[in-house]
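In what comes next, chain A is part of two complexes: it sits with chain B in the first one and with chain C in the second one.
The block that comes next holds the complex of A and B.
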């Protein structure tokens, strides 16, 4: 079992980790304490004090917030998308590339989908404009609820106390 | 897992092949029963051998695994087909008596499951009675209704005996270059049913006393276009299987039969535990939802098929719900998949489930200990009647990969959310490309022989981006992780197609903080053929991958072919030639170097059937890039500068997507102005907020389109097909869009042929046929 320092995990998050260590991370059994280092590194990167429970993207978190310790999905900028069990995308901004003209803003002619078959749905933070996700479904497709973690079981696996509202 | 309770047969019951005196079917049933009752493979709550003699256990594993890999490396040198010899499209696997995989070689390890399914089919259908299973026998299988991926994967299966008792099986598979389908090439189009999909062999006894039967050799060679490759592939498989059989016999001599047989069960339970251990250490319990699509554009005039009911545009659909359970097992449920279709992209459940391990060995279980244990730790649900579990025995499967790889890309994306959440960023992969195009065709080649080709350059597409680094350029394909585009010189020997150029494909990696790996393109000119056809096979109207956490999907495919090019005259006259770089397809660079009368097809129609190509005609083989990770505005300006200067990215999209301010010096070098870029990126964020619409508001608009039935025919057909097979999917759809209770969408109302939707006949309806079912359906 390999172990890593918080500095190494911080470098990993920044994309600056040296290749030898990165390769060791890939090839060796996983280090269970990674989660704690990771959360600690991320917590230092955000401007708010709410406790990060689970990162959902580079700028999107499941966080324990307020005095009631309710669990919400939250942008790095502080914008809250509501209860963590609800799909955060429903409270985001959406921009749909559903015409050839809109598609050609992101790919050259012939190298983007035909919008009669497929569209791109970009989800932005209403506050800071971060693009948290791009869906590429057919028209009519329901918004995908990507991930619904079982926090109690997860913290049991980690041998850590679960958030009170998990 | 079904249990074939009783074998009803008029055959005389043969003497048992097992020391226990049981039939093979009874032996397997007892094993399945013990597994079901205890939750441990074969009831092995304790791994007695491993725990009491760990060194002996490891000695056997290491010897067998090394021998499997060695046999593959030696045997592939016998093959002449570049698909096998260059690309390594072969694999050898060792099974226990019940047909469960003990260990496998490197290579196309999807066949761990497919060959295992063939062995189980023989067990379940009383092969021991007829045609009999004896030392020295060889069986050949490529039947897609037993579990094979597509007919070109030919498996040779050899039983292994010790002192007169069966102790296991070894299987070897190669991807042959042609199986005599309607369309030439191993993964062809044109046929829409099994009856045109090439020769299919159902666990046929093709050899006795270690010698292939003459009738088999004569018949099989004349059923394919490329007999020399066929025979050398057959010798490759037989040589590998016999090397491994020798190895097992040697192992039994050294370790004893009791140790070997204990090992052959315990190693599978060990594999089962290995997967749950990895799930627990790497993932997060909960539900992950994901979905994949691929286009089947068959209404186009360049798709010529024999039956009018296949001339429709359709979309293949694979939603998946991955449930990681608190006990660290998992369930993959594909409720809502669309129906199988009249094309060659259908898949057997075994091809689907076994193939997933090809992907998982590249992330979740990156270990040499891949065996059937992982399958026992996984619940699969593939609803009957869908494209991955057809309920009709007419289905064609020649290019099952068209959607298999697309649907797996979504799983990779889904499971990467777990890795990301736990901080295992090094494991995150935005997905795989749909590795295509498949350049295929045939006719009379430069040697004056009947020939068929399938260029495996596509084994080196761009990979998906990671959460800490870019995807790899022209590096790998999910179905064969060796990743090799093959040598130009070898392909030119194998195909009457000269290389006008081979170069990285600009702007094909999905954008993101870390971009997807780029694909590449090769421009081929037909040369030296007598009669020659080719066709295209890939995705064009749709993407198969999506990008992850703000990253974009990779670029889609497009088609370029040119006829009556005037190139032979231009070569004689010393004029300029197209040399392989189609940097921006809108600029039509190739056309600047063709004769005035050239006929060019440059469009999104990336699936075609045989078209005539004369010497001097051109074909662009464009191999796709991988999807991106993270918001492109987070990409390091230095990386963008590198991309521009290496011609990986078009300046227009550096500006539009990455929000950089760039300039070019007189020497042609690009640079990014960091200060202006920071300001520009703030503007891009503001522009996003300005053009974005609250999702709830957009839902209202989209809902109205659904009520108005405002969508293309292919989109409506896809939904109607899924609704017909899944009331649950229909219910969830209606709930999400808040549709009236009476709302429905039926294929009957779309005005397109729907052969197969209502009337079909399953393989199980044939007399005396007991299919092997290993998934919930």
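The block that comes next holds the complex of A and C.
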């Protein structure tokens, strides 16, 4: 069984892990301590005390609030997007690139999609302005709900007690 | 026998990542094996290993080196230089518009050398740093089409500018590889000459490598990678080999140092094409097995080599090994002919872990290497290795590991196996360790069987040679039930690769791609053109081969030339390499002889019924091999001493765990056993460098050539 130090997991999160170790991590079954190491590295990145349950993106987390143990989607800056089972994007700032002019701000001319067929929807934190996600759907498509974790099953796999409100 | 009448003649060296092995052979065939820890200073490790070997004969390096006639080196230094990207800064000139192909690489390079699981999972795929940085790459406008016609003439003023920039920014060598240059060399040679001119004008002396001068073969990436290696890795390695050669001269050596090359021959360290010595270690064993087979009458041999990290297999059929034309090495596709081998990443030192989800034992793919396992506390390893399992089950002697260099802690190994393997699986320590060994043996056995049956053969047609430091430990396990004619373990198994290097021919081989296709509808004129094309390619290659030998002071008439060709039925994907039945082609009338020779070989390799002459014949490559006579080791022949091993060879007994019970195994000293001696399992035969295990249900005898024959009762 391979085990890794918290430093190695921290390097993994930062993208600084050497390839040999990263390769071994990818190829081998996960070690038992991985979840706790990983979460504690993430926890050190944020200024708030609510317990991180899962990362949803580089700066977006699923967290258990200290007051009532409710599970919310939360930005690194502390902004809360509400219940984790609801699509957090509906509470984000949305910028839609739906014209050739807006597309040319990010891609050279003729290198971007025709906005009649495809638009980019960018989701920003209303509090700190971090871009959390970009979608590239057809213009009429509803806001995509990316991921709905099954926390009970997940904690069952981890062999750890699940959050009370999972 | 006195020393003058029985000089030491041959030295084989295998400078591996962990150990540097030397193998000295006397005129009467007696040999000694020496070992030393590998060292950054390779010549020092070679001399240390030599001292270790020669001590067995109470002789010194200064005493022996002057009487030796031949020495072959194989090592991993050049490979390490490539893997560690520590080569010479090289500039690359390609056809304009193709500047990125080298750094993009072939997709297969993202998973070459990986274990099966990592090959099929995209997230582990990874492209290594290119050998040449994009900033050191320039394009020159030109184009030759796939038929060899000039479509866009080469703009030499661009080449001039490119060379000036590359040299100006610090490149120490320039490589030129243009599209389809193997069909028309004019552009590449013109660019090459311009680069040399520019270097002269700038007052610098740097080597310029045009791919057509080295590897005029199809496949851009392969050809370019290989030519870059000549500049990037082979030139610096030449300096290292020169140092080793000098240090040997200092102690009185008067022989010319040769290097093992991927095509199975040896070449001089002064050779023009030195990149082919990049890979050589495991090949030595195959060459050695072929040599022994020819001397002793085994024509079909399954070679198996277990070291600490890998299991290498190769087949010798009718005294021939197969050559793989585009070998790959260091995760690069290359245009180097390579002795065909199958390798899996499981060896005697593989790590053992439990997959917590499947609750099953998982072996490798990584291994403890020279750190052995948890049984060697100084090695700093905390993960159980296969060696740990061998130690606690009595297979290996903890007090005589590598001749007692390392002190092993059996109790620590036992505790770690209990904690990491046995307890999670709910097994006793013995059963867990035995399970690990059984799993390794099973997996090796399956691969060995797959390699043989996959090529349409049956193990019953083969004799299995088992060597490498771990071969004799596992020979019974991976051959059990496969039905080989015989399983043979040479007494010098641990030094077998070094021995094999010493048996290799002094041989150069050059290849060139040709495109020839002849069907029933071809005219006599087509056939005449075909033979003329092949002969022209041979003439070109012959010049290169003879030039290599001239560098080493051989006259043209001393060189034996063997022309060959790769032929296939048109439309089939695989070709076969054939030694030409004729030394020179006079014209169309000789075509049929080439075809007959191919048909015969095809029937031998596959089957009569599989021949498909109705498709017509294609020739894809011309080959020229040249060799000169060298001194090879003699094989020892000793008198029979009867079936009973002598009393002094019997060292006692030791508990040995096999098939769920402890038995008392007889322990013997390998060096003291005599030809004719028969030993019934359970027995363990120990020597400094290896351990030969004969479990219950097996017996073995030593023949007059110091080969052990393992027999399943």
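Throughout what follows, the second predicted complex is superposed on the first by the 164 of 166 C-alpha atoms of A that agree within 3 Å, B and C clash if a C-alpha of one lies under 4 Å from a C-alpha of the other, contacts with A are read in each partner's own complex, and residues count from 1 in each chain.
Definition applied: contacts are C-beta pairs under 8 Å (C-beta built on N, C-alpha and C of every residue); 3 or more make two chains touch, one makes a residue touch a chain.
Only a predicted model underlies this, so the values are computations on that prediction, with no experimental measurement involved.
Per the definitions stated earlier, placing chain B and chain C onto a shared chain A by superposition produces a clash between them. By the touch criterion defined above, A:26 reaches both chain B and chain C. Touch criterion met: A:17 reaches chain B, while chain C stays clear of it. Contact comparison for chain A: of chain B and chain C, B touches the greater number of residues.
With both structures placed on the common chain, the touch criterion links A:82 to neither chain B nor chain C. With both structures placed on the common chain, the touch criterion links A:59 to chain B but leaves chain C unconnected. Applying the stated touch rule to the two superposed structures, the overlap between the chain B and chain C interfaces on chain A comprises residues 26-27, 29-30, 32.
Chain contact summary for the complex, chain B toward chain A: residues 280-282, 284-291, 293, 295, 315, 317, 324-326, 328, 366, 414, 417, 420-427, 467-469, 507-508, 511, 513-514, 540-543, 545-547, 549-553, 555-556, 558, 584-586, 602-604, 630-634, 636, 650, 652-653, 656-657, 684-689, 691-696, 698-699, 702, 705-706, 711-712, 714-715, 718-719, 732-733, 736-737. Of all the residues in chain A, the ones that touch chain C in their complex are 1-2, 19, 23-24, 26-30, 32. Residues of chain A touching chain B in their complex: 9, 12-13, 15, 17, 22, 25-27, 29-30, 32, 34-35, 37-39, 54-60, 89-96, 105-114, 116-118, 120, 122-124, 126, 128-151, 153-154, 156-157. Those residues of chain C that touch chain A in the shared complex are 115, 117-118, 121, 123-124, 126, 353-357, 362, 365-366, 383, 420.
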